[in-house]
Structures are given as C-alpha cells and as structure tokens.
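Chain nomenclature is as follows: A, B, C and D, assigned in order of appearance, with residue numbering initiated at 1 for each chain independently.
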Amino acid sequence: MDIKVGFMGLGSMGLPMAQNILKGGFPLSVYNRTKEKASSIIEQGAKWASTPAALAAQCDVIISMVSNDAALNEIVEGPSGILSSSKKLSIHISMSTVSPELSDTLEKKHKENGIAYLSAPVTGRPERAQAGTLWIFLAGDSHAKKTATPILEEMSTKIFDLGEKPSQASLFKLCNNFMILGLIETMSEAATMLEKGGISTEKAAEVWGNSLFDAPIFHTYFPILCKRSYKEGGFALNLGLKDMRLLQHCADQAQVPMPLLSELQTKLLASMNLGREKYDWSAIALLTRELAGLS
Amino acid sequence: MDIKVGFMGLGSMGLPMAQNILKGGFPLSVYNRTKEKASSIIEQGAKWASTPAALAAQCDVIISMVSNDAALNEIVEGPSGILSSSKKLSIHISMSTVSPELSDTLEKKHKENGIAYLSAPVTGRPERAQAGTLWIFLAGDSHAKKTATPILEEMSTKIFDLGEKPSQASLFKLCNNFMILGLIETMSEAATMLEKGGISTEKAAEVWGNSLFDAPIFHTYFPILCKRSYKEGGFALNLGLKDMRLLQHCADQAQVPMPLLSELQTKLLASMNLGREKYDWSAIALLTRELAGLS
Amino acid sequence: MDIKVGFMGLGSMGLPMAQNILKGGFPLSVYNRTKEKASSIIEQGAKWASTPAALAAQCDVIISMVSNDAALNEIVEGPSGILSSSKKLSIHISMSTVSPELSDTLEKKHKENGIAYLSAPVTGRPERAQAGTLWIFLAGDSHAKKTATPILEEMSTKIFDLGEKPSQASLFKLCNNFMILGLIETMSEAATMLEKGGISTEKAAEVWGNSLFDAPIFHTYFPILCKRSYKEGGFALNLGLKDMRLLQHCADQAQVPMPLLSELQTKLLASMNLGREKYDWSAIALLTRELAGLS
Amino acid sequence: MDIKVGFMGLGSMGLPMAQNILKGGFPLSVYNRTKEKASSIIEQGAKWASTPAALAAQCDVIISMVSNDAALNEIVEGPSGILSSSKKLSIHISMSTVSPELSDTLEKKHKENGIAYLSAPVTGRPERAQAGTLWIFLAGDSHAKKTATPILEEMSTKIFDLGEKPSQASLFKLCNNFMILGLIETMSEAATMLEKGGISTEKAAEVWGNSLFDAPIFHTYFPILCKRSYKEGGFALNLGLKDMRLLQHCADQAQVPMPLLSELQTKLLASMNLGREKYDWSAIALLTRELAGLS
C-alpha cells in the first residue's frame, strides 16, 4: 500500500475525509489555502505542500474537495495549479460538487497532460464524513477508478459507478441535491398544514419514518424539521442555492422545464434576503411556516 | 371472537380487505351498490345485506371503504343509510379517504345516534390490500379503537394512532398522498433531466434506491418511472386529483400557502385534459417528460 | 321616469351608486343591514325599507350590491328575502361580485317567481362609484336589460353587454379581477428588479405609462406602487382573495390549469398571514419587495 | 446635416430602421454579415462596408442592431471589430437587446478607446420599425445622447431617457419584455377560462380593449390571441426565451425572486420542445389552451 495520496481542501468535509485516508495507512500530503486548518492533520502525520503543484509533484493520486467551480479551476489551472507541476501525477479525484461543464473541460485538460480525471462527488453531511460512511458517485476512466477505489473506501461505505464520463457524476450529484431539497419542500408544506390542523411534526415524523418514508433522507431531515434547528447548518443555504443554479443551467441547456426547481430557488433566494445564507438549507421550511403565519 | 363485522364497498381495495377479515375468522356480512362484485366473497362464506341499514342491523362493527365524500355520506345518511337502521351497531370504521370536514360532521352524527365513529384511512395499493399488509392511520374514541384493532390487524401490518379526532386521520391521509405525489414530481423532474444528460432512470433508481432514497415509497414508484407503465394504474389519476383538491380546501381554510400542491394540481388537470384520468396518478411524470421533449 | 327603484347594500361602493340614482331623478327606496349607513341618503330623499321583502314590495326594480355569495343569497332567499315579498317586482339587478354558480341558481329561482334576474357587476374603485364613472358588465334577459339601462347609466359611463346568461357576467367579472391582479404581480416583479438595478418605480411608471402600458389599469396601480400606499385600500386584500377563490372553483370545474392564479393566491394568503387583510389587494407587491430584501 | 451614419445588422428590424435613417437624409453606410440582405438599401443609396472596422472608419456615428450578446461582442471586439478600426468614430449606439453585463463591459471598452457608447434598445415589432414609430429606451453620456437624438428620431416617435448608465437601458428593455410576456400569460389564462365558460376571446378583447386594458400592448396582442395566428411571428419565441434568461441572470445576481418569470420560462421551454421556436412568443398562449384541453 504505497500509493502516495495528496489531499486539497481541508474544510468541514475535506478534513475528516483526509483524516480517514491517513488512518487507512496511506502516506498523505495535504494542501489548503490557509495553512492553519492543516495543523491538526500535520500533527497526525500528514506532510504539508505549499502549493497544488508541489502537492502534485510528491503524489501519485491527488484528491480535491473545494467549494465551487472557481476554486477547483484555480487549483488545476492557476499559476501554481497541478497542471503546472514538474512531475506528473497519475490520477486527480475531484470530489467537489461542480458543474458538469467544468467536469468536461477539466477531463480534457487533464487528458492532454496525461492525467486521469475522476469525478467523485459525495453525499453525506460532516458527521458522516467523520464516520467514514459517505456515499460516492464515481465516474471516469475504468482503470483509474480501480486504482482509486481502495482510497475512496477509507471514506465511504458505498461507491456507485456512474460510467466513464466524469461530468455525469457531477450532474447526478446536482440532481441528488435537488431530490433532497424537493423532499424538504414537500415535507415542509405537509408539516405546516398538519401543524395548523393539530398534528405535530413529531407525530408525522414518527408515522412516516416507520412507513412509506422510512429512508435515510427522511431520517436526516425529519429531526431538523421537528426541532426547527435550522441555524446549526451542516449544509449552508447559500451553497444549496449555488447547486440549484448549476442544475438550472443544465436544465436550460437541455431544455428541461423544472417547475419545482424554480420554486426551490425562489424560496432559497427569499431566505438569503432574510439573512439566512449560513443556516442549513432545510431552512426553506422556516419560510414555509412563516408564510403560513407560524413562527 | 364473535364480533359480527359488516363491510361496505367492495372495490379494488375493499374486496381484498373484506376477504382478509373473513379469512381471519370473523363472521362477515357485506353490502355493495352492485351485488355482482360480492359474488366471490359470498361464495367464500360472507352473508349479503341488501342495504347499509340492513347490514348495520345484523352487525356490531361496520367498515366502509367507498370512493368519495358523497358515497360515504349516502351510506350513512341516505334513505337506507346506517343511521336509519332499527338496531344500533356500536362502531363504524370509515376507511375511505374523505375530507376532514365530512369526518367532523359524521363523528357528530354518529355520536348523536350512540355509535362510535372511527376514521381509519389506509396507505398501500391493491397488491398490499390482498397481502394484508396495508398501513392504517387510525383516529377516534380510545375504547372503540381497542375493539377495532383485532379486525384492522387482519388487513394491515402497521396501525398508527393519530389521536381522538377522526378528522385528523383524514387530514393525515390527504397529506400522505400529497407527500407521495410531491415525491413523484421531484423524481420526475430529476429523472427527465438525467435522461437528457445520458443517465437512465434505471441507473438513477438503482443508485438512489440503495442510498438516500431507500424507502418503500421510492421502491414503489421508481419501477413505474423506469418502465413508464403509467397506464396500468393502481391508483387512478382522477382520484389523486380529488384528494389534492380536498387538501387544497383544507389549506385554504387554514390559510397555508402550498405552492407545490398548486403545481401538482396543474399537472393533474393537464393530464386529465390529455385523457389520462384512468392512468396511475404517477402519470404526471409522463407530462414532465413530454414538456421536456421526450416521448 | 316613474320607475320605482330599490337599492340594497350601502357600503363604500353601494352608497355612492345609490346616491347617483337618486340624483338622476328616480324615486328611490333603500335597505341596508345596519340602518345608520342609510341616514345620509334618507336625508337626501330616499325612503327606508326595513327588509328586502318590504323593499321589493314598494319597487319595480331592485338593485343589490353586497359583499359575497352568502349575503346575496340571504337577501334573496332569507326569511324576509325578496322572494318572500307579497307584491312581485319585475327586475332584480345584482351588481355584486359573486360566483357564476350562484348566478345560475338565482336566475332560476327568480324566473320561477316571475322576476327577471340581471347580473351587472362593476369595475372601478369607490372614487369612480362617486363620480358615476363605473364600467358595468351586464348579462341577462334582453327586455329587462333595456328597462335597466337608464338606471345603470346614472352610475356608469360604459355598459358592456355580455349576453343572456347572468352567470357569464359573473365569470367575466372574476376574470377581470384576475387580469388586474395578474398585472399587479407582473408590475411588482418588474419594479422590484428595476429598483434593485437602480431604476425607480417612478421612472418606470413614467416610461411605461407613456408607451406600451398606457391603459387605465396601469394609471390606477402605478401610483400606488410608486407611493407604496398599500394601507389605504380601495379594494381590500381579503375580498381579492375571495374573488380569486371563486375563480379557482370555476377553473377546477372547467379543468383549466391557471398557474398564475395559483401564484396570486399564494401571495394573497401569505399577505393575510402577515396581517394585511384590510390593505389594498395591490399589497401583494409589498410581499414581492420583502422577499427580495427591500423594505 | 452631415453626420455620417453607419448601420450594422440588417435583419427584420434593422433593415427598415436603416432605411428610415436614409430617408431622413443622413449619409449612410451599412454592414451586414451576409451582403445579400443589404442589396435593397444599397440600391436606395447606402454605401457598403465590408467589415465593422471599415464601417467605423468611414462614419461618425455607428448604430448596431444584432441578435444577441455574442454577435454584438463580435462586431465590437472581433478581429475586424469596430475597436480595431484605424480611424476612431465618436459614438456607437447599440440598439440590440443584450445583457446589462455586456453593456457595462462595452461601455468601459469604448471609453478606453475614446468612443461614447449609448444603449438604445427599442420596443415595437417590425411593422413599427417600418413606420418609423418605434419607442426607444436611451441611456449613456448626455452629450452623445444629444448628438444621437436627431438620428434616433428618424426611427421613432418617442425616446425615453433612462440616465447615464447604458446598462440601465438594457435592464429596462428586458423588464419591458417581461411585462409584455407576463401580460400575455395573464390574458391567456383568462381567455382560456372564459372560452370554456362560453365567452369568446373576441368578446373579451372588445370589452377589455375599451375599458381597463385599453393600452397599446393589449391592442397588439388581443388580435393575435383572437385569431390564434401564432405561427406568423413578429418576435420569435426563441428570442423571447433568450431575453427572459438574460433577465433571470440579472434577477439571480440581484437576488430578486421572480416566480412569474420562472413560469414564463417553463412555458417558453415547453413550447420550444414542441417545435415552436420560430412561432411568435405569444404562442405560450397556445400551450395554455392545450393544457386546458382546447385545440
């Protein structure tokens, strides 16, 4: 097990993911825009690299987990990006949620530089990143996927193969987030109606969680709706809006009318204007309540 | 076990439900608007009653499973309705999906006649009615619920107690159907987008069914979306529209804005106008496809 | 000019309408639920009638202008309603905004009693009722319309003939109000966007009022949007909601999907829940602003 | 009157606009991507320029009227774009409907090159371009606007001054088109409901055109709705969609929820998928009819 692994992007998801790779026994180097966030993992044994290019030079496989298209593009094509590295790495596993368009572009750029580009966005909130129980949507070159799998397994319990085209894993991730947010909207309208009719969200969650809607997604969000703990966001509302806009762009290109997606953006935008950009994205349910006269 | 049970309404749901009661060993009488539909169950040992009043006269507990508010009202308050029966029964278990308003009215009317009125709408399609694996949302007088439970258990695997007010079980059932239809809309937008992006519904169903969306509701509807078998409807689209309108009426009364409910009604109505009233209600997904240019 | 005219319903619209009939020289009797509101017009020469039946008994033509279906039904069919009058009048002109369904029912009931029933809802706010410059949508029996015209002309500058079926004037009125509210929503979204882009509503109103949108409806509502004087309502928001619900009922019956109508109801309902039921109905524009982060 | 005028973009709007300038007595040169479209105006006395740069070199004021952001950008910054011209012109009047973002960018680029950039989008369909009765939304440097006015007056009857920032005229134009399309949607829902209720669109158009909705915009679109002559499009549906998307982008940036704008895009997109991209944009009304079961 001597594949040298590099990890870029030590945020609330990235740091625990990197730590699980380290625990798995892989030699690990890390890079982050601000070095402070790396101090704990360096103590745990990771090496520091001062730029993406430097990281690439000392690794076989690099993983990136950053917050948006611009950040990913910067660490790839920026002045000290991985494509500018003297020594070529073999695989870049991009685990960020980005636009399918960027995935297509980066796949091409990496190929021109002799690097395999895999798209491997994850579903799961920070708790699950820590537990190593994320689920991964994986797409790209078959051979590279084989090499990447043991590393990905340190972070996840399920890896779903979405084919050879990295952009399709990106699209799938965006649709996955749309599905989640669509269900939150559905739950929020139903729960608000029930509360006004005298049935608590707790009761509804208990019934539905033990019948038709006994799925991980409901078990994650019913408790948040019950406690109305929207402020302690695992996934920030403004990032949710970012993802829905990326998906809207795909829907525009593909000419797919998505009325629910429009409604979700309306609620996310209004929530932003109410100063809730750092709340959990499920806070759209709070707006549903307020428009119905509940506090 | 000598509670004499009566059953009214031998449709695609009611008949297998009644048969399961009979199999359970309860002495059973039946009534249906058209007698033909009762022939099989009469052969199996059920007694025939020619009117709801006659049925009431020979039973302790009556169950009704009819298609809408008007039909339920007729068998209760009509000229030969159960309230006109000479001998009083003790419990009426209404398992139809009706308006909370009617439930309130009927609860009062039954009480005035010394009869306990329970609301016990079910979730599950005809296959599950046959298998005796329905789920029941039960509300009403505690003592009556206790008496009713062994009978209900012949038809179901889970009974959820929603309190003392029959109308709350009715409201819960309407919200349950809204949740289902909301998810169908969400799935249909996502699946259409994915298909245009090169990912089949089968693939999406496989991934989601094994991850976030591993719930009975998805396992019921993903296969229909995959096969696009909307014509062989378990639950007719026009009945779905009826339920959404009942819920809209509740939302209007309670002043709850439900934008997704509006969108669902728009799609159901348009589907009606395209001649799909007898398709399964999941056929709103077909309209999503068509508006996106897929056949 | 000796047609004896009766007027029922002396609200903010009805009172000035009745006064204009009186000024026109018609002998006038009046009825109102609370007599106080009639004091000024009685001083001006109108006779008082203590019930609708009494009013009917002393008049040839009766006009009603009340706030909803229930109120209209009461003055027609109630214990001292006009149908219970000893002496039969010849024409009842209903100028209220009510459901087409009620119009159909009342047309039939009046016919059975030998009375012609005309539907004549108006468009115009209280200022125009005072000025006698309302516009009237008239439908019903031709002969009766001819008799009614000189009376209606005292209140209005334009009378539009919508045929023989009273319910069609009712439907037209509901659609007229939908058109107005649809434009308010359109204007409110555009004006909010422009304001955030640095262009004032005053500027937009000036440009549009002198170009494409130079119509009475815009000249009425642009100033309200400019001044944001939503509190001083000519037409209360809760009455607007009532009308949109009546129209929704028609759309449901006729199976017409009206997505904009749904959106309008969502905004009206949310405004109700924010305590704005007595604001002018154009206050939906205030919600548009607030959801965009403007105060 | 010896300002030498250049005109770029001889489409269905541009050609008649250019002809009106020529008729006004201004010396005119023209450029178009395909020369054939220029043949008639060259016969009428205009000079031909083979590139935007060549056109710029022989003119004082250049007007452009092209179909989208990319085309405008090309004639400005492309290899033979006007910024590459040897001799500097003084004013560029951009009359196309483009994004406010591009207007901002181009304003800056022109300024760096010593050229005044005016934004002057028009409202009016080809008939009015021919008649010289367009309305213009003008923004930019005051001095340049003064110079441009006599030229613009050859094409228009009203010029509205929207200030010093060219991008604000662009934004206003997008909102203007949104207003038009919003009204078309409103009219289409009302007209469909009325038709199902037995009142023809002709009747509605007659009543409304003589009352509340007596404005140019309604007099343009009511006849199209009456005749359902959507195929003979003055303004193509795909261009309408382009404009609504540009506006959506502005709304996203400014965080303005615009639910009606979403609905309009849904209908435009679905119409595109039904093969109606070349129909008049009012063809969204056809979809409203079809979803209501009318042909």
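What to note about this one:
FYI, a residue touches a chain if its C-beta (ideal position, glycine included) is under 8 Å from a C-beta of that chain, and two chains touch if they have at least 3 such contacts.
Please read all numbers here as calculations on a predicted model, not as lab measurements.
Set against the Cα centre of subunit A, the chain with the most distant centre is C.
Between A-D and A-C, more C-beta contact pairs join the chains of A-D.
Averaged C-alpha coordinates put the centre of subunit A at 54 Å from the centre of subunit C. Distance between subunit A and subunit D, defined via averaged C-alpha coordinates, is recorded as 41 Å. Taken residue by residue, subunit A touches two or more other chains at 255-259, 263, 266, 269-270, 272-273, 291-293, whereas all remaining positions touch fewer. Chain contacts in this assembly form a complete graph, since each chain touches every other chain. On the side of subunit B, the complex with subunit C involves touching residues 245, 252, 255-257, 259, 262-263, 265-266, 269-270, 272-273. Listed in rising order, the residues of subunit D touching subunit B in the complex are 266, 269-270, 272-274, 291-293.
The touching residues of subunit D, when paired with subunit C in their complex, are 100, 123, 135, 137, 158, 160, 162-163, 165, 168, 171-172, 175-176, 178-180, 182-183, 185-187, 189-190, 192-194, 196-199, 203-204, 206-208, 210-218, 247, 250-251, 254-261, 263, 288, 291-293.
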